[in-house]
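Okay, got some structures for you below.
In the two complexes that follow, chain A is the common piece, with chain B as its partner first and chain C second.
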Partner chain A sequence: MSLLNSALRRLFDLLLLPFQSLPAAVGLVVVSLLAAVGMLWAFKRTSNQAGIEAAKRRIHAGIFEIRLFNDSFRQIWRAQAGILRANLTYLRYSLVPMLFILPPLVFVVAQLQFQYAYAQPAAGDRTVLEATFAPGWEKAGTVPASASGKPRATLELPAGLVAETPALWIPSQRTLSWRLRVEQPGDQTIGIRIGDRLYEKSFDGSRPLERRSPVRPGRSWLDQFVYPAERPLPSDGVLDRVTVDLEPAAVALPGWTVREMAGVPAWMTVFFLLSIVFAFALRRRFGVTF
Partner chain B sequence: MRRDGHRFRAAALGVLAIAAVLPLAGCGGAGEARAPGRNVIILGFDGLDYDLTAKLMAEGRLPNFSRLAESTPLQKLGTSVPPQSPVAWSNFITGTDAGGHGIFDFVHRDPGTMLPFLSTSRVIADPDAGEPIALGKCQIPTGAGEMELLRHGTPFWEKLERAGVETTVMRMPANFPPSGSATRELSGMGTPDILGTYGTFTYYTSELFFDDSKITGGGEVVEAWPEEGVVASELLGPDNPFTREKTKAKAPFQVHLDPDEPVAKLVVGDEERILEVGEWSDWVPVSLDLGLCGKLMMTPSIPANARFYLKSVAPEFQLYVSPLNLDPRNPVMPISTPEDFAGELAEVTGPFYTQGMPEDTKALEGGVLDRTQFLAQVSSAYEEEAAQYRHLLAGWKGGLLFLYFGAADLTQHTLMDTLDPGHPRWDPEVSPKFADAIPNAYARFDAFLGYTLGHMPKDTLVVVMSDHGFTSWRRAFGLNTWLWQNGYLNVTDPQAALSSKLFGAVDWSATRAYGLGINGLYVNLQGREKNGAVPESERLSLMRELKAKLLATIDPKTGQPAITQVFLREETYSDGGYRDIGPDLVIGYAKGTRGSSASALGEFEPEVFADNVDEWPGDHLMDPDAVPGILLTNRPLVRPAPTLSELHWSILAEFGVESGAAAK
Partner chain C sequence: MPSVSSVEAPRSLRTGPLLAAALVALAAAPAEAYVGPGAGIALLSSVGVVLVTLLLAIASILAWPFRALWRLLTGKKTARPWARRFISVGLDGQDPLLTERLMAEGKLPNLKRLAEQGCYHRIRTTYPSMTPVAWSSYSTGVNPGKHNIFDFLDRDRKTYLPVLSSAEIGSVDRFLRLGKWKIPLRRPEIRLLRKSRPFWSILGDYRIWSTVLRMPITFPPDRFYGAELSAMSVPDLLGSQGTFLFFTTRRSDSKFKEGGQRVVLEGGPDRFSTVVRGPENIFRAGDPPLEIPMEIELDRAAGRVRIRLDGDEHLLAPRQLTGWVKLTFRAAPTVKVQGITRLMVTELDEHFSLYLSPINLDPESPAMPISHPSYYSTYMAKKVGTYSTLGLAEDTWALNEKVTDDATFLRQSYDIDTERQEMFFAALDKLDRGSLVCVFDGTDRIQHMFWRYHEEGHPAGAGREQAAHRHAVEEVYLHNDRLVGKVMSKLRRDDVLIVLSDHGFTSFRRGVNLNGWLLAHGYLALKPGCDGSTEWLRDVDWSRTRAYAQGLTGIFLNVEGREGEGIVKPGAEARALRKELIQKLSGLRDDERGEVGINQVYAAEDVYDGPYLVNAPDLIVGYNHGYRVSWDCATGVASGPLFQDNLKAWSGDHCVDPNLVPGVFFCNHAIDKRDPALIDVAPTVLRLFGVDAPPHMDGKPLFEKPPATLAPSKASREGGETRAA
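Up next, the complex of A and B:
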């Protein structure tokens, strides 16, 4: 997983490099167009186009049947049943290409998430840095702690970041947290020294568009899958994950600033909307029916 | 700062919701009209006193005010009768007096029930609503109440809009719900919090013997104990409309305390803040949960915003939570015109206090915030308003721009003893430490004026005004006690009267007059009051008798008259259609004396006179001639404005709208 993530990170950093100095919408238009082309290509090759065409014709026929025989309950009922059967067939034919399209799309979305989902930190912004200790950390005996059991940790902050609070220890969650203030955004690395080990977390803010992740994962495979943007923490350390709060980014389109809504990041709204629009616009050129 | 761990997974699931979300996205702005003619900016500073302004100008502490005064001298601006903010601003808004706009006091009374109610707005029930439809433990309301603005008359901005002038009216008092007639407006004083009150804070504390006797409204105290380093409690919202049993909308929260340091993490829903002791949070979004019934009704929660102040974590836990303000991005009541204007402001300048009077004087009076903490809170509210103004001024296309600031008013109400060594609350140890608070509030406005002068379009007329002045409030006058002692009001049981509220022990059959509100005195009139005892034929003679006696009342401590003017309704107010809802007499207390707070709500005290030792040492609800406001402009007005009502017409005259005496 780590190797795959590393390769994908490099690939997407390279692919999106030309768009880093442009508005997010520009990159998203290109990415959506490429995604639409890719999906059309895959759909055409992995789907039963003739079957889909036939199912659609049967649905249309059923609708006409209802219009023509709207005084015959039996005929309407039979047409409805036919439409339902054709719909199920249509869904079955559509599912097969989805099995080919979705897995790579998930990896694409995972990478794009960290390029477009989080806003560039600005001077004056505040964020919470949180280090989660692994279960049983205290048994290792390598971490100095206060009489109350609070692990001792010191922050090594780059210029441009300031800790506004002392470390807050929540034993039930095994977390140490600090509130940080951004004085000068940049591509920064936050260091947390615990015992003789230094744990690092990136906090990038030099450009509006660049790879940013709220989580540096630890050993958890799921965390590594969901947060592929940073390499995992050392597996022999006492930390399970390190997080920073990042504000969601908006995407400015002409006449419409798209914002995160109901948990859906703004970029994703734009990406899927544009992908659908491009897919519809190009489907005849690719000779695809769906 | 939001917990972000699940955002990506939520986002992936949210893909399916995109189709539903998309239709919401195509909202476009309305076309914009260009304002013809002149440009006017009005800076409405509530409570700026003429004498104090002149003094600070002479001391060189208000250089921008002085700059303006070089072209037109600082002028007294006659205030309203009585000089209460909702009345005064309504005079300015409508160009008439209370007889024309119907606002006579902060509180009015319903003569049918003798109960007081807030004068500027009310909730009106849906006339078509029936009983809620029961569904097990849930219910479906069959109608929703609506807020109604009780201030009548035509606002000056409506007249200007009709003449094609674009107007922006920010936080005008007595304008909730917003009139809807300005191009842009944000409601101000009178706008409630999420509970429908003028602002109710909550104080969470582990103190066993916290004295909450000074919290007489506008605040709640909740016991909150740390258990294993965590304090868990709830923010309480309004009643849940979807449950048959009476329950509250609520938002659970936790405060995780560090075992060693004075720092804590606040967790409210998905929101987290780390606060050190002595720190204020920014605005924290709060979703007040409406439970399963709310979810079934597709309204799972009520959005609100709150600010937190961590006073202490040890030895006692003490947390102040501001009144739950409306979320300007999704307000549950109308607070702006157009409706999304408040949200647009929040997007650009951040969330803000939507409650009409953000300065939490109740928390100061209740001993929950001290003066330093209160001033910090006042300052943050001011900064929000200033940021919004800078944003609006930057994009202003001309026309009329009005902005209201209330910070000086409430700072003077709560800290006037710091400028008056003769005040009963003067403490030689404490008061001088805050002696700069009020001058600083004035100086802040001066800086604001300076910013305006430096950033406004050329040839803009700037009007700096206040609705009334201010003075030290040393002596309290118990009007209802005076009426009782002088035989105009009778009680059934003298002992019970001293502890009863809202005229609880009054013998109405033997009562001829009663006081309600700070300045209002009503005749207990037959056919009007619920238990009226005075026939209409005796009303006027009784009013004249009361006036004479009140004017002859001498404060035994000062040897001076306690009351310098008494206004008879018919002699004072125009007959603009609403005169009859006002008090029969309005009391103009002598400078330094004011009606007692207890009497204003139908209570009695052992003595008529008392020293004012409340955390409210300054006031203006006195003789209007004693507390004029100010007027300052960067060039002479086309039409002079000696009073607030006249200023309404002067502003119109600047645009060539309804100018001249005939307009009135």
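Up next, the complex of A and C:
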């Protein structure tokens, strides 16, 4: 997983390099177009096109029937039932290509999430840095702790970041937290020294668009899958993950600034809409029915 | 930024990759939203479809009481109906002699069963015994003098040139001109020239539904309470009645005599770039033809041809007929003209030839009105798939010109029949109450083209004994019998089924050049220096011509004040001339064969009456068995021999003396009339639904009282009179 993520990170960094100094919408247009093309290609090859066409024809015929035989209850209900049956068939046929398209797309979405989901930190912003200890960390005996059981950890902050609070230990959650203030945004690395080990977390903010992740994952496979933007923490260390709070980014389109809605990141809304538009526009060229 | 710590990931993370990852495992429907194209659209579309159909259904149901009330207040009252459904299966050209013989041989078990269950009769056809005339009388219950259809063709009275008798397609003369573009300011007017009212239109007044499928002479479609798909007279995309395209490396100076266009392929030897020409582009100055590029790549070694046409690629082996291929001609931004065609490589050796069937209007998006309501053709295309729309859909011309072969023609005919059957049974399935009328043309077309094998000694029957399809005529009768069996299996208790043909069939061995006869006998004169060999009577000197033949059975007098250059005075002179021609032509002998060529010539006023008698040919020629108007005469050529062997594949016909070619009539109930005629059907259908036939109808109902075998319909059981519902 780590190797795959590393390769994908490099690939996406390279792909998106030309768009780093441009508004997010520009990169998203290109990414959505490429995604639409790729998905059309995959959809054509993995779906039952004849079946989908037949199901759509039955649906259309049913809609015409409701209009045509609108004096007959019986025919209206029969048409309705026929449409529902055809609709289920249509969904069944659509599910198959989805099973092929979704896995690679998840990797793509995960990479794009860290490019487009989080806003560039600004001077004066505050964030919470949180280090989660692995279960049984205290038994390893490598971490000095106070009498109350709070692990001793030291922050090594780059210039431009200031800790506003001492570390807060929540034993039930095994977390140490600090509140930080941004004085000068830049491509920064926060260090947390625990014993003789230094654990790092990136906190990049030099450009509007660059890879930013709220989480540096640890050993967990799921964490590594979901947060591929940074290398995982050392597997022999005592931390499970390190997180920072990042502000969600908006995407400015001509005449419409898209913001996070109902938990859906703005970029994802734009990506979804644009990829649908492109797919619709290109479907005939690719000879795809959906 | 949040000022308090949180051990959970931010919300955006939870709903983004996490959700997507979870969906990989669960594959739940909402995940499709993240797939965007494809499954995402599928989900959106499906939800949309469900919503739209629900709304439509709710709207229909909510509106129903208001519609019912409106019908109650405005609808016409019917008497007690005798039947709930009337189903008419038209088998164009099914001949009684052949039918009776095959029934006697036990080869038509379903028709025999139908006859035993109800009745079988020969049915009188019309003067002339011609499809457009006969089916128009069937529909309207009147003689041609009242419905105005006397032949396939009529003549322009001023120019004497032939015009379609059933429909008039106008042109657009007002445009908004923008440089090389011109925008038509109105649509061309298309007018049905058949007069009187078909029975389905009258039933519609009483809110009794009718579905009319491919009934001849329904272009443009009638407007009534029901649905109709037009047939005969619907043109192809080039505006003709069926022009096939033939791309070939063979050079030829001759044109096809019938409707075909030859395109000589340049370049090669294995790659050709050409264009498929469509209709004229009225949006461009000069009306250049619309074109679609076509790339042809031959692989002679593999016996394959790759054809790139309109964005699609077709890999064809010789003699392999494709399914329908869609063609989209782009006339202007957002303006497309859509057609459908079928392709077949007819030759792939030293030479290469490719056949394209006539480009039919695409039923999903027809360029002309071919159905009522307008979306009905689209509905049918969605329901049963793409289907032929051309009036005369079977490509008889290509077979006549030997561009296609017997097997291809039969394949086309049976494919069209399959399309028709699918439409018919789809419509039957939807018919709760009312009438369903459908005409199947295969019998007519196959008999026209294969009679040469059916009849021993036919001049066009060379190789008959070895012909692979020598039993094609008999086979189509057996095919029809299976269709009837299937229809019978779908009947309900109070259904009335009739199976009938518009006329019978006979041989076409010898052609008669009537214009040649008129020329030889001084009734028709030529311009100085002309020999009469020019088509459409262009060689004729009208100032010295008293009579001319036009169409397949008509002779017109060149009447002063009626024709553009008429010289025969109406009244006594015209009557005398008619009488003279009847006397001379009736019993006209073919001395070479020792047979009578023309049985009887009928005066229009003796066989027609009604307001449109004035449009009829003055004389209707009743040919004998084996005789018909010659190919030359039919195209307005006056030169050549009077009698000539017919060597074309089109070897059977019915444009003869109507008394020789009655049709067949089967019904699942016994009728009360011994000598039924086509014009009796319309008043019969009206009576079955409790509607009085209008006084102008010439036909008489075939049932005088409700048939004993017909179970009382639900409507009649519910009480006396009914209102449309």
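Going forward, the second predicted complex is superposed on the first by the 290 of 290 C-alpha atoms of A that agree within 3 Å, B and C clash if a C-alpha of one lies under 4 Å from a C-alpha of the other, contacts with A are read in each partner's own complex, and residues count from 1 in each chain.
We adopt the following convention: a contact is a pair of C-beta atoms (placed from the backbone, for glycine too) under 8 Å apart; a residue touches a chain by one contact, two chains touch by 3 or more.
Being a predicted model, the structure only gives us computed values, none of them experimental.
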* **Contacts of A:P171 with chain B and chain C, given as first, second, both or neither** => first
* In the superposed arrangement, which partner chain does A:L8 touch: chain B (first), chain C (second), both, or neither? -> neither
* **Partner chain in contact with A:S146 - chain B first, chain C second, else both or neither** => first
* Name the contact category of A:A163: first (chain B only), second (chain C only), both, or neither. => neither
* Name the contact category of A:V109: first (chain B only), second (chain C only), both, or neither. => both
* Scan A:V215 for contacts with chain B and chain C and give back first, second, both or neither. => both
* To do: Determine, under the contact definition given at the top, whether A:A117 touches first (chain B), second (chain C), both, or neither.
  => both
* Asked: What is the contact status of A:V258 with respect to chain B (first) and chain C (second): first, second, both, or neither?
  -> first
* Asked: Given the touch rule stated above, what does A:L198 touch, chain B (first), chain C (second), both, or neither?
  -> neither
* Structure fact -> Between chain B and chain C, the one with more contact residues on chain A is chain C
* To do: Please identify the positions on chain A that touch both chain B and chain C, taking each partner from its own complex.
  => 106, 109-110, 113, 117, 126-128, 168, 170, 173, 177, 179, 214-215, 226-227, 243, 245-246, 248, 262-265, 268, 272
* Asked: Okay, in this complex, where on chain A does chain C touch?
  -> 32, 35-36, 39-40, 42-43, 47, 57-77, 79-80, 83-84, 87, 90-91, 93-95, 97-99, 101-103, 105-106, 109-110, 113, 117-118, 125-128, 130, 132, 168, 170, 173, 175, 177, 179, 214-215, 222, 225-227, 243, 245-248, 260, 262-265, 268, 271-272, 275-276, 278-280, 283-285, 287, 290
* Structure fact -> Residue set of chain C touching chain A in the complex reads 1-7, 9-18, 20-21, 23-24, 27, 29, 31-46, 49-50, 52-54, 56-57, 60-61, 63-64, 67, 207, 209, 227, 311-312, 373, 375-376, 378-379, 382-383, 385, 430, 432, 725
* Contact residues on chain B for chain A in the complex? -> 1-5, 7-15, 17-18, 21-22, 24-26, 28, 228-230, 256, 258-261, 263-265, 272-276, 282
* Can you list the residues on chain A that touch chain B in the complex? -> 106, 109-110, 113, 117, 126-128, 146, 148-150, 164-173, 177-179, 214-215, 226-227, 243, 245-246, 248, 255-256, 258, 261-265, 268-269, 272-273
